[in-house]
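As structure tokens, here come the structures.
Across the two complexes that follow, subunit A remains constant while its partner is subunit B and subsequently subunit C.
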Partner chain A sequence: MSAQMDKRRPYVRSMAGWWTRDPYYIRYMAMEATSVLVAVYAVILLVGLARLSQGEAAYNGWLDALKSPLSVGFHVLILLVFAYHTWSWFKIMPKTMPTIYLGGTKLPQPAITWTGVVVAVVLNLLVLAILMGVKP
Partner chain B sequence: MAESTRTIEIEVLRYRPEQDTEPFYQTYSVPFTDDMSVLQGLQTIKDDLDGTLSFRWSCRMAICGSCGMMIDGKPKLACRTFLRHYHPKKLRIGPLEHFPIERDLVVVVEDFIKKLEGIKPYIIPKEPRTLEEGEYLQTPAQLEKFRQFSTCINCMLCYSACPQYGLDSKFTGPGILALMHRYNADSRDGGQAERMELGHSEEGVWGCTAVAYCSEVCPKGVDPANAINQNKMGSAIDYFLRFVAPRGAGK
Partner chain C sequence: MKRSNDPIFWSLFGAGGMLSALIGAALVFVTGIGVPLGLLVSQDLMRYQRMLGFAQHWLGKIIVFAVIALFLWHAALRIFHMLHDFGVHAGTGAKLVCFGLPLLCTIAAAYWVLTTGV
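And then the complex of A and B:
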């Protein structure tokens, strides 16, 4: 090793609190965090399925539990979280696929994102309409 | 240059390994005109105020990729960022994040260069040709498949926008994985199998968690996040194919 190399003393900076350094990172962490609540809600639905298999009384108990003010508040929160979750993943969707060419021109990335968003909104409204129609 | 001269405060992160135990900010009052870039601001410091300041630069026109640095916390090329956009506020300049600091604004690039060599960033001909057989031809549509990814200038801004690289530098990182895709996607190239041994690994495309800030900061519109993530599908298919076809039979 030369004398010049000996003088080198590279300084490595800490990564502590890295995700607070840029609003972009905060949005990324928020996107990741929504996944946890999505998983939590999947568990709630699975519990409902398990209760359904245990008979009518058990299932109605689960339904009643969902109607408590605490649960309604939680559902509002979940709705907002799901909306952000949906948006953030559709926003990243164009990054995950090869460029699409329509008649020789590149399909712009926002077109992919918005197609996803529109499909999601339409399907949700459709499901909602079906449920409202079935409701006694 | 005859237009009105104003003064901007520039805080520069200094680190002189022979005398400093850790980096510190040093403030300079720099006279500037509307047409001056941050790089010209640094050159003014070095020429007129403090000759000990070290930073890398070369072309002054966003082609060489040498003057990448953190400008007010964002990875940018100093030559295409203008002082007038920050005045009258102070401006804070630091070396590119996620790399060790060699001195002042100069970072250690050995890891980047080693990785760049590692992905064989050159065309490995699918079918070797002699001079008499002529050139390798390519249609505009074939060119379009990789053109965007070939505009990388190795400025490493994307590495400073990649927390995954910052947290674990074993990750190959955005720019180099985009270049890997650039050569794999070239119709003249036949080196994909050799390159993807690394590409399929945790250090390759799977080290990416789709933060996608790399694509945001790229000064050349390369979109490394797209180059990396579109390979995950192929990589997953490659992984599962081994269960259906004998190793090596299905690529």
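And then the complex of A and C:
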């Protein structure tokens, strides 16, 4: 039964915008929202793959579309969102993985987060370095 | 007790989240900024012949498929739970959109990865 149909008209606190009430919830929502652009980027790559399978002309059209200022600007936004995703992913990592004990003491949460962040930075730079090394 | 299919979805979520955290930023930079502007990487890096060769190699196929499919399943689970957070509760419609679309895209990616340049 909805609130309006109940004759007692009990007070039901609205849940609308609940996540704006606390900075912790805002950070949670920001973390969850990164997924939207992760999905968009996957679809951009999927379109590229489809174009590639259709032949050279179709694929070059996709490459040209990527060169438009709108696309480059949008990818800057996607890049920032991915960076935030990387940070938030390892920030929650200590809570999502089984507790690790080292010599009888729990591995501290910041140690897990920073290990993850350092590994991510190294791997991202490694991918970039490999691709920078590809000769034209 | 009915066997839950949750572990499958959560594994895909975790794998996609980890892969995107570890190499996603580099991929976005290279495909969306570096190559279009010729910044840090060669503007020819993604030219047709090279990418075709990449997509014809079994390792290239695995990489392309893994990136697209895992990124999508990672996002699917988060978007599905985000809908709940915004008051759209897990019904058939929400499930169809959140899991049906990634499933379609996964099948499409598999098809194109297997058929490109054959």
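Rule of thumb we're sticking to: the second predicted complex is superposed on the first by the 123 of 136 C-alpha atoms of A that agree within 3 Å, B and C clash if a C-alpha of one lies under 4 Å from a C-alpha of the other, contacts with A are read in each partner's own complex, and residues count from 1 in each chain.
Heads up, the rule we're going with is that contacts are C-beta pairs under 8 Å (C-beta built on N, C-alpha and C of every residue); 3 or more make two chains touch, one makes a residue touch a chain.
Remember, it's a predicted structure, so these values are computed and weren't measured experimentally.
Of the two partner chains placed by superposition, only subunit C is touched by A:Ala42; subunit B is not. When subunit A is checked against subunit B and against subunit C, the one touching more of its residues turns out to be C. Touch criterion met: A:Trp19 reaches subunit B and subunit C at once.
Contacts of A:Val127 after superposition on the shared chain: subunit C is touched, whereas subunit B is not. Legend: residue contacts after superposition of the two complexes on their common chain; A:Asn60 is shown touching subunit C, with no touch to subunit B. Look at A:Val119: by the touch rule set out above, it reaches subunit C but stays clear of subunit B. Applying the stated contact rule after C-alpha superposition, one finds that A:Ser71 touches subunit C and leaves subunit B untouched. Taken together, the two structures place residues 15, 19, 96 of subunit A in contact with subunit B in one case and with subunit C in the other.
Subunit A meets subunit B in the complex at residues 7-13, 15, 18-19, 21-22, 24-25, 28, 92, 94-99, 101, 104.
Looking at the complex, you find that subunit B touches subunit A at residues 15, 17-18, 22-23, 73-74, 97-98, 100-102, 108, 141, 144, 161, 163, 166-167, 210-213, 215-216, 223, 225-226, 229-230, 232-233.
Partner subunit C is touched in their complex by these residues of subunit A: 15-16, 19, 29, 32-36, 38-39, 41-46, 48-50, 52-53, 56, 59-60, 63, 66-67, 71-72, 74-76, 78-79, 82-83, 85-86, 89-90, 96, 116, 119-120, 123-125, 127-128, 131-132, 134-136.
Touching subunit A in their complex are the following residues of subunit C: 14, 16-18, 20-37, 40-48, 51-52, 55, 64, 67-68, 71-72, 74-76, 78-79, 81-82, 85, 87, 102, 105, 108-109, 112-113, 115-117.
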